[in-house]
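Per-chain residue numbering starts at 1, and chain names A, B, C and D are given in the order in which the chains are listed.
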Amino acid sequence: MGSLDSYLPIFFMIVLGVAFAALSFGASKLLAPQRPTSAKEAPYECGIVPTHEPARRFPVRFYLIAMIFVVVDIEIIFLFPWAVDAQSLGRFGLVEILVFAVSVFVPFVYLIAKGALDWGPVKRVRPLESESVRTSSSTVRRIGPSSGEAA
Amino acid sequence: MEAEVQSAAELAGWTGPASTGAGGQEVLHVTRDRYLEVVGALRDNGFAMCSDLCAVDYLRHLERPLPEGVAPERFEIVVNLLSLERHQRIRVRVQVPEGDPVVPTLFNLYPGTENMEREAFDLFGVRFAGHPDHTRILMPEDWEGHPLRKDYSVGRVPVQFKEAPGPR
Amino acid sequence: MGLEDLKHNFLTGSLEELVKWARRSSVWPATFGLACCAIEMMSAGAADFDLARFGMEVFRPSPRQADLMIVAGRVSQKMAPVLRQVYDQMVEPKWVISMGVCASTGGMFNNYAIVQGVDQIVPVDVYAPGCPPNPQTLIHAILTLHEKIRLGELTKRRPGVTGAGIDLAAEPAPVGWVAPPSGAVRLGTPR
Amino acid sequence: MTDEELTAETSEGPQELQERDQTTPVELGIEEGSSLRLPEALLGDHGDIDVEFGADETMIINMGPQHPSTHGVLRIMLELEGETVLRSKPVIGYLHTGMEKTGEQLTYVQGATNVTRMDYLSPLHNELVFSLAVEALLGIDIPPRATWIRMLMAELNRISSHTMWMATNGLDLASSSMMIYGFREREMVLSFLEKTTGLRMNHDYIRPGGVAADLPDGWEDDVMAIVETIPGRVDEYDELLTGQPIFKERTEGVGLISPELATALSVTGPILRASGVEWDLRRAMPYLAYDEVDFDVIVGTVGDTYDRYAVRINEIRESCRIVRQCVEKMPPGDYRAQDKKVTPPPRARIDESMEALIHHFKIFTRGFEVPPGEVYTAIESPRGELGCYLVADGSNKPYRMHIRAPSFANLQALPPLLRGGLIADAVAIISSVDPVLGEVDR
């Protein structure tokens, strides 16, 4: 039984998690009034009943962002087991995880270089690159009563 | 600032009737056919901004103070122009008969008047020929009638008080 | 099949109290600011009058996460169907505070453009007078609503035993005040 | 209620933005032009937005009447390609209260109560423009103290309106602490307004013929307390927002408008000044006693959202300067015209003289008659040129009362500003235009 009890905390964590989820769902199912209506199922568009249903075709950039996220997410999942016993793996473990991290980071840098992430506004005008430090008083000019045209 | 402020009438080359409203403001009474031409001339002479365009329904006040030579009609379009350099305001008033309430649009001279003309159409029913988007703006789309006309009832809901002894 | 369908008895009594206490102390308002009353509603939400003391510190914009709709301002004919749509999309249990005289009875604008009283569109629980009601009045209205939730009953009562407050099955009719015209009709624009 | 009826309830048909294939080429041309609603003559830079999109590649979505960041019941229909806004069209009218029709039913004395509910962030400015119009028609002039009280209250109202804008603008750009600070300052100004006029908003304090009541005694130290703390607090906002990289990233270069485009779209107020046009009615066409007070007109250089923020934050400081001078130069004397026909007699005299009672009764029931005529007066409200076109037919009710709302014209500048930006920029731009829907829909 020796090795088993080291898994006890994980077991309690799972039980607690499931219990909490079940409690909240059960309570809301039990206590909340259930009155589904068609309006509640309809999409919420700021109070307007949408005449045409939302576009099916989303631009490809959304999927690109999702894929990049998945890659980096998986990398984190691999870090978990390594982190659990990083001490015992020692220097060899460190080098190994660094190699893995670099191998994921290089494509990420390539993606950024290719401009996959910055699909910002096309018409963003970058004024006055030189004077980049604009403060609220530097970007305005003041017209006093004297210099203004006397009406 | 130039020395004397030319009266807007000469600027626009308008020789027809002109008057001065309260507060000493200059008003041109333009006929419908020369309306675009006068406003265009004013625009080229420094009246860069059209600050306001509104309609007035003179159904119950036909005999209003008008300079001679202007036939009072039921509707009237009032355009307020503003010159930023000369700090000068001018009002152009156009008589619009009830029979065919149509006025050419100012959209190509002052794009700012697009919504103002839609509001004038929506609340008064005066049509603007050549307007790019001639729909209602304030009232719901399927609303009948033009609310700000004088013959349109206020739509008051009679207020019933429990003890009030009925309309006296 | 929830708690509402059980018959009221000693067992559900304390659970009912717990649920009512939970509901009334975290009523989240939907931001339904229309006109001047909305500014007073925001002032009530800000630091000086602080609605957070009553568990309402966050104004949920989407009706899915809101329990209370504060109709703050005058409701125009064009806005009426939108208001009804947002009310329909709110999830039960939901309450309505009609803030200000314009929302309650059309106020000083007795004309073609304003719906003379929002209770023609949605069932209203609490009417807050004032034009605009200052934040204290709004907080008083909110406390009245809390009182109403506390007195209301959750489980079904035997017919005839009518506890004060709302019976969730029917449209909630306010207590004591003149009941608004029941069966709030879906208001299209008048022909 | 079938789905079609349900949809018909909230759809406004041709008022809405139509699909690409249903829009006529002329309309599409206007909308596709670098700035919406502009004829070819005024087209600015086209921007490198490729314009040919298939019918189903773009999505038309409602940033609708009930939306946290549209500052009231403004509904903007956006045509999006992913996150980029291509075309947009504001649909307004969701707060149309028929105030101009109600204005024709109320007498001149009651008119201020109706007008003050239009722009509910600066109600005193509405009353001021209405009273100036009525006085211009009547031809009466009001005592100097009334003029200076009006100027003092109008500038305090400008401070409360701009701090309210700072609050909601901060909240829109995700700095909720700005919301709390902004409302804290506003409460200070509102408590003084409540002390003087009796109400926090919709005061009906500035009436034709002067003001409703004299300033409460000890008002100097209340106002000085406000005017001493607010500039210090505004410097705090400056520190909080101006240098912050996130705020600069969200506002610099976003929503650019050129001076010619702004003038052509009859945009006025901080937006016009931010784009570089020196036009402030308080300086150009002074009303009340603005020519005896020295203050600076703040003019921007670039014309983007950051400039509008800078213009408004500095205008709060200028308003504090004006209020300080109003406190120093406040003349003594009576606070409303002594013309029996226009202003009621002081309350105390009613008990003594029968004639005063008759005048008091007549003014508050029938009001006074204004000789026939028409006038257009305009003042500088926190949002721009607020004008009142009044037509009088000799009776005691205005024949036609049209209010030129600055936000109504400023909203037209939205489509050109939104074009090409992200939805997040749309939120920043709408908040920088600072529309108040009460005065847009009237």
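One rule holds in what follows: a contact is a pair of C-beta atoms (placed from the backbone, for glycine too) under 8 Å apart; a residue touches a chain by one contact, two chains touch by 3 or more.
Everything numeric in this text was worked out from a predicted model, so none of it was measured.
Enquirer: Taking each chain's centre as the mean of its CA atoms, which one is farthest from the centre of chain A?
Expert: Farthest by centroid: B.
Enquirer: Looking at chain pairs C-D and B-D, which one is connected by more C-beta pairs in contact?
Expert: B-D
Enquirer: Measure off the straight-line distance from the CA centroid of chain C to the CA centroid of chain D, and report it in whole Å.
Expert: About 31 Å, centre to centre.
Enquirer: Using mean C-alpha positions as chain centres, tell me how far chain B is from chain D in Å, no decimals.
Expert: Computed from C-alpha means, the inter-chain centre distance equals 22 Å.
Enquirer: Distance between chain A and chain D based on Cα centroids, please, to the nearest Å.
Expert: 38
Enquirer: Calculate how many whole Å lie between the centre of chain B and the centre of chain C, each centre taken as the average of the chain's C-alpha atoms.
Expert: Between these chains, centre-to-centre, one finds 43 Å.
Enquirer: Give the residues of chain C touching no fewer than two other chains, as numbers and ranges.
Expert: 77-78, 82, 85-86, 111-113 - these are the residues of chain C that touch more than one other chain.
Enquirer: What are the residue numbers in chain B that touch two or more other chains?
Expert: 87, 138-140, 142, 147, 154-155 - these are the residues of chain B that touch more than one other chain.
Enquirer: Which residues does chain D have that touch at least 2 chains other than itself?
Expert: 6, 9-12, 64-67, 93, 96, 98, 101-102, 284-285, 441 - these are the residues of chain D that touch more than one other chain.
Enquirer: Within the complex, which stretch of chain B touches chain C?
Expert: 138-140, 142-144, 147, 152-157, 159
Enquirer: Which part of chain C faces chain A closely enough to touch in the complex?
Expert: 1-4, 19, 62-64, 82-83, 85-86, 88-89, 91-93, 168
Enquirer: Over in the complex, which chain D residues touch chain C? Could you list them?
Expert: Its residues touching chain C are 1, 6, 9-10, 12, 64-68, 72-73, 93-99, 101-102, 113-114, 117, 120-121, 164, 167-168, 179-180, 183-184, 186-187, 190, 200-202, 437-438, 441.
Enquirer: Where on chain D does chain B make contact in their complex?
Expert: 11-15, 26-27, 30, 37-39, 41-42, 92-93, 96, 98, 100-102, 105, 136-137, 139, 263-268, 277, 279, 284-285, 372-378, 385, 387, 389, 391, 393, 399-400, 402, 404, 408-409, 411-412, 441-442
Enquirer: For the complex, which residues does chain C have touching chain B?
Expert: Touch residues, chain C against chain B: 77-78, 106, 110-113, 116, 189, 191.
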